[in-house]
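Here come two complexes built around chain A, the first alongside chain B, the second alongside chain C.
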Partner chain A sequence: MTDATLPPETAQPAAKTPMQPKSLYAIDDLTRKRNAAEKRFQAYGITAIGIGLFFLVVLAYAIISQGIPAFSRTVVEVEFTLTQAQYEEAEGTLFKTRAYEEIFIGALTGQLQDSGIETPVEPEAIERIVGKPGGTIREFFRENEDRLGEPVQFDLAASSRVDGYMSGRITRESMTDSRFLMKSDLDLVDNLVEAQVIKTVFNWPFITGADAGVDNAAAAGIGASVVGSFFMMLVVLFLSLPIGVAASIYLEEFAPQNRFTDLIEVNISNLAAVPSIVFGILGLAVFIQFMHLPQSAPLVGGLVLTLMTLPTIIISTRASLKAVPPSIRDAALGVGASKMQATFHHVLPLAMPGILTGTIIGLAQALGETAPLLLIGMVGFVARGYPEGFIEGFTEPNSAMPAQIYTWAARSDLAFTEKAWGGIVVLLIFLLSMNILAIILRRRFERRW
Partner chain B sequence: MKFTTLVSATALAVASTAFVGAAQARDQVQVAGSSTVLPYASIVAEAFGENTDFPTPVVESGGSSAGLKRFCEGVGENTIDVANASRKIREKEIKACADAGVKDIIEVRIGYDGIVFASQKDGPAFTAFEPVDVFNALGAKVLKDGQIVDNPYNKWAEFNADLPDVDIAAFIPGTKHGTREVFEEKVLAVGCEESGALKAMIDGGMSEDDAEDACIAVRRDGKSVDIDGDYTETLARIDTNPNGIGVFGLAFYENNTDKLKVATMNEIAPSTETIASGEYPVSRPLYFYVKKAHIGVIPGLKEYAQFFIADEIAGPSGPLANYGLVSDPELAAVQASVANEETMQ
Partner chain C sequence: MPLFWLILIVLVIAAVGYVLGRARAMSSAGGELAALHSLPSYYGANVAMKVVVPAFLLLIVWLLAQPFYVNSVISDMIPETAIEEGSSRGLVLAEVRRAARGLDNAVATGAMDEEFARNARADFADISTRLRDAGQIVTSEISQPILRAAQRYRILNSTGNLIMSVAVILVALFAAFWALRETNAEFRARNVVEQGIKAILIAAASIAILTTIGIVLSLVFNTWEFFRLYPASDFFFGLTWSPSFSGRGSSSQLGIIPLLWGTFYISIVALLVAVPIGLFAAVYLSEYAGPKVRAVAKPLLEVLAGIPTIVYGLFALLTVGPLLLSVFGDEGLGIMQAGTAVMTAGLVMGIMLIPFVSSLSDDIINAVPQAMRDGSYGLGATKSETVRQVILPAALPGIVGAILLAASRAIGETMIVVLGAGAAARLSLNPFEAMTTVTAKIVSQLTGDADFASPVALVAFALGMTLFVITLGLNIVALYIVRKYREQYD
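Entry: the complex of A and B
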């Protein structure tokens, strides 16, 4: 090195700002900036979670607070005697349940007038309070003809308006006199509550019962449509799981990569995005009009929902098959297993947790679906009772939980809105138990490598 | 292998249920159609199941047109037996039915449904209401100072000083509802004629048909909102809008008198009595249509039809009237025609 060449070289670093020796603990600008960005990102994340949690809490609160009244019911507890003559006379009329109601209302009015209740007891008021007990009474005496002529203890559902008064939905201030309930009736109700004739009990009939007519909100229950949903889910599970898994194993493990399989793949992904109502139209045309399967049947509902669920299951199954490391397949093939043995003995068990998760997500989606059911006749007054047997469970007309909730929400008596919220609670419980089952199964299948 | 046995067992089970399902004869009456008739049909279906040995009929909703379309798909167990309708069957539909083999149709009129205007309980009172007012408030083109102009009104009081001085906000049934047709025919068209707009339009060079169509056109500037959902949706809109006025069925209003205040029409308040007597002008008949070919094939079909219109059910003191149906003064004639299975010509 010469002196002549030195100055320019030393001048260069001098021209730049000299790097000050710094402690690693002192934070420079760039690091500060990066740290701030990270903090900001974390704050965004927490805000997002917070917003999500907030809406979850609001939703849960709304559902539970509005759904709770559906789980209690108001009953009129009375002893009632029906004579053989009255029974025969009522059975001789066309509108038998109404005849029983008239006999019952007459008997109860007499009983109350004798019992010394302060408020005047009119048969019309009693009629507005007791609702429609005729069906229950007729059914009881038809099954127990030997009980005719002796006093029988009945727990009869009070009318939906009285139920609303007891649960706080209807108040003296907010209500107006109508032929469904008069303000003066409430005095009588108060007295009957004091006399322990009217009681609030847990609403088992809501959980176990079937749908009722629009003028009989107090008797409506979700049980029958839970059964409908259950049978639909059976069809969906037993069709979509084997078909979906078989399709994805073939596509993932065996199928050659060519234009045709690519086309199938693209179509499956597209199918997952098809609006569910389209499957309803398809179901109506193919299953009911072409194949002549029964209308409004859970079997058809299940078939339609299977079509809807298949893409979800195929996509998630393929993803979980892909996630199994190739080394597992190679090891199996290396010790002489056939391709099928390698897949079924080694790959599939490892992919099982993922497959189950996908299946449950698909089923949950299918469980909450209403739109396709509209077209195959499961919305309306359909869930009228329980199927008679296992096979009838698939073929007899029935509704499903979301369809039943939708139907109730549109009815004019606000007691049905309460039922709809209660139905949502039951639907969520059904969904949660399905998820818990999935978690348990997943834990049992889970293997590590 | 466990997996394959599971698959084959499943396939077998599903195939057998499908087969049994297809082979099984239908033993319950299948009904579909108008959502206005649905509440009445559900009351009757429940009572029919409780009072006879036949299974409870299935009643689906979906609307008059959809119901009649399914009704006209043909004859056989996989088609419906009864179509509910909030309007009379159209010529076009009768023809479609005949083309598909549904030739004998029994028409059953079950009673009348009143259409009412109602506003929020605590809101302003709409008492001096007439079809003219509704037309002036909601028509697309109205008559003002002798001229046909695009609807200029923003408040009710602008054209009728007796009405409240509040913004016009109306919630009327969407075009897919049968109620919309009645609203157009009995309110808008009548109001159009009474206000003189119809005459002015024809004098202005419009053909009569065009003028009639223009009469029932509804303004599209947001003051009138079409509700495609149920009355519960209209109620929800009224709940949040104190000045709003909505169109409801009489039964729905009567079930919600603690939330709604009814508007009078020509100073007549709607009730089952005023509608039956014809004093209250806005009402329409409700029908159901029975496939005669299914009588004797589907058990309980004729019995269901007869039960529906029996005095005990559809009469003035029956459960349908109690729910809000205006019973038919000529019920006896309807009963006779069902008993004789008289079909439409």
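Entry: the complex of A and C
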């Protein structure tokens, strides 16, 4: 700013007092202010990224710390020998399971005494801890009569309250006496733990099992819905990959510049931003209401997710087709290939790694999608077991991992929330491995032209 | 599964056709490859294509058309008197289909033989008892017209399927025969096959259009149906949302205003979290961060976008909700009643949207030409002054577009609000109160047994329509702005 532009009144005093010779190294107030503003601005940026990463860490911590307990379960491990005579006697009584239960309690007390612990074992307390063991034992021996007279080890699942006590979900202070578990039972549980009768083992039933009833949280597993998700992903893969690649090839290599092409492009970019629940409504109305496809079937879920992931796959496929340099096409055309041959023999194979990466990411997105599945009836409680065969896997009602997690989360029982977190760990393991596969593919086959 | 076998038969005919077509072309050229117009495999592919395409087209059209025909025949069979008060033709037809499925299952389990299930003069009571014994009747009463209609339904469907199988196989065989006849050395097989492939490519690209049409039609028809049962003005301007599932929904009040309010309130909270954090992160990453920091921080932030929304939902319900409750609840400030609230859902949704805002803004800021930065530095501006006074104004349209896209994401988000926002529809200003959104209500109205005749279920389609229109509008505006902006600096 020069003095000439200043009004005379303000310029006057400046002219009177001679300019202080200022060193460039002496920082004046304005510079100090500006530097401080600069620092502040940079700090805001770092804070923003810090907050983002902090949320990521909190999320990861919440998932891991609350999901891990779902992978262990509490069993009551009792070994005893049932003689032929005992078996016949028990079968001869009026209350048969009751008789077996007495044998079981006898064995339990024996094992406690072996460890040198004296404690009264009441049948009622045992029933609260392991349910009614008599039925399971009788069932076993009736089916395996040849095992009579030799030692047999039983791993009986402890009730969900005991499970909660073992995993720290329920403490002595927080629990109230109920018909499910009494405070006095916890002494017995502690003694049984000391005698190594109650043990914590890896929860295989959670990995392999199916959803159980509302009152039986301990038996619920995610296996059946993993199978449901798997069949859905098969449908998505075998429909969206060919359709997506075909559509991208047309748009990228053959489409003329006209209204129709524009219409397709606008539709694809809009569909990519349509909320997923709208695709669920589409699936409900078109596939179930109109075409009468079976409700809750992974086939329908796969179709809906295919439509949902197509835009994602088309966008990434087009990007990787675009990345193949025109010289490849020109060379193929130059030696006499038709345009179709140049595309399918040369461009497509070169773009394949990129296409596969995009497809895997699209599949991962589809795998975690919940809302549309709820609308077509793939809710968790439908997943009651494994499908009988390959074709039934597509058509029989089943659930999917995220829908199963939602069903568990919606039940108010704390034992089910633990299952829900565990389910999320399983889901994230699948997603993580798919994404790692995508990264490896990209690293391995990526080609810079 | 007969359909599976039918498809397999067509594919086998195509495979045989391929081999024959290839062989015929070779023999017509006398084994001389150079005498053929195209490579031999094109002759085979020509035959296979001509078998598969018409046969599958016929199959698809037939599968779509048959239910219509059967339904209209069955619908005519049911007299007006058989439709009870409060019921509808659609419900009776569903009943007929259930009964027919019951008969199918009864035949499959051996409770009755095929002859008996089809016999129209069979004793009505006898059939009912047998069905009940086989455990196939869910409804308590099955009426005479419904049973007769179900029998007719089964007969129509089975003859329809039989005719379809024969027709499809005949078409496949005829096409194979015709394609083989035209195969000779001069036939321009490659051009024909390439035309065919191009048609398939165009069809694949058109699926995007078909999907949009499908979405619009399924929303429009059911919304129309809903507005016939429930006045549109009450829906759009009603201030109360209280669906009643009893009494066939006649006493329900289905006003969308509270739901829209909840939706916008939660979205605004989410954007208030996501936009500042996302924007500052984007500015820092594109203007300040070195390549190493960028290579680590950017993918880590984007992990947040790759996490399924159900995870965020659970996080809101079980972690953030209780945390907020302990601060603002009865033991703290006393303004929060339960863990599920606008704040809970909005906060978590904001976390989800951070990478969405930051990635898009990052791209847009990077697209601002370097010359503008250099000019600003040359005038003596600091980095932050350059960002605030040069880069952000230049990138503003693009950033607005990115925020609009994030807003459309927030409005359409489902699982977080289903789990985190509560279920009560209310008009309130307190962000610590539970509210509900359009998407959450779509889920709750349509999950479970969807009965397409009552307003309480159909309202979901009207809600979906509203949601679709709002997000579509936002997307179109946002994409337009972003595209315009990109062109500006290209």
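By our rule, the second predicted complex is superposed on the first by the 310 of 449 C-alpha atoms of A that agree within 3 Å, B and C clash if a C-alpha of one lies under 4 Å from a C-alpha of the other, contacts with A are read in each partner's own complex, and residues count from 1 in each chain.
The rule we apply is simple: contacts are C-beta pairs under 8 Å (C-beta built on N, C-alpha and C of every residue); 3 or more make two chains touch, one makes a residue touch a chain.
Bear in mind the structure is a predicted one, so any value in this text is a computation, not a measurement.
Because the two structures share chain A, they can be overlaid on it, and in that overlay chain B clashes with chain C.
Shared-chain residue A:Ile391: touches chain B and chain C both.
When the shared chain is aligned, chain C comes close enough to touch A:Ala371, but chain B does not. Once the two complexes are laid over each other on the shared chain, residue contacts for A:Met175 go to chain B alone; chain C is not touched. More residues of chain A are in touch with C than with the other of chain B and chain C. Of the two partner chains placed around the shared chain by superposition, chain C is the only one that A:Ile63 touches, whereas chain B remains out of contact. Judged by the touch definition given at the top, the superposed model places A:Arg34 against chain C, while chain B stays out of reach.
Of the two partner chains placed around the shared chain by superposition, chain B is the only one that A:Leu299 touches, whereas chain C remains out of contact. Of 93-101, 183-191, 255-263 or 273-281, the segment of chain B whose C-alpha atoms clash with chain C in the superposed model is 93-101. Once both structures are placed on chain A, chain A residues 242, 246, 288-289, 291-292, 374, 377, 379, 391, 409-410, 417 are touched by chain B and, in the other complex, by chain C. By the touch criterion stated above, chain C contacts chain A in their complex at residues 1, 4, 63-64, 67, 97, 190, 194, 197-198, 200-202, 204-209, 211-212, 214-215, 218-219, 221-222, 276-281, 283-285, 288, 297, 300-301, 303-304, 306-311, 313-315, 317-319, 351, 354-355, 358, 382-385, 387-388, 405, 408-409, 411-415, 418-419, 439, 442-443, 446-448, 450, 452, 460-461, 464, 467-468, 471-472, 475-476, 479. Of all residues in chain B, only 1, 3, 6-7, 10-11, 13-14, 17-18, 20-22, 24, 26, 28, 30, 32, 35, 38-39, 41-47, 49-51, 55-56, 58-62, 73, 76-78, 80, 229-232, 251-252, 254-258, 307, 310, 312-313, 318-319, 322-323 touch chain A in the complex they form. Those residues of chain A that touch chain C in the shared complex are 34-35, 37-38, 40-42, 44-49, 51-53, 55-56, 58-59, 62-63, 66, 242-244, 246-247, 249-251, 254-255, 263-264, 267-271, 273-282, 284-286, 288-292, 307, 310-311, 314, 338, 340, 364-365, 367-371, 374-375, 377, 379, 391, 402, 405-406, 409-410, 417, 420-421, 424, 427-428, 431, 435. Across the interface of their complex, chain B is touched by residues 93-98, 134-135, 138-139, 170, 174-176, 178-180, 212-216, 235, 238-239, 242, 246, 288-289, 291-297, 299, 344, 348, 374, 377-382, 384-385, 391, 394-395, 397, 407, 409-414, 417 of chain A.
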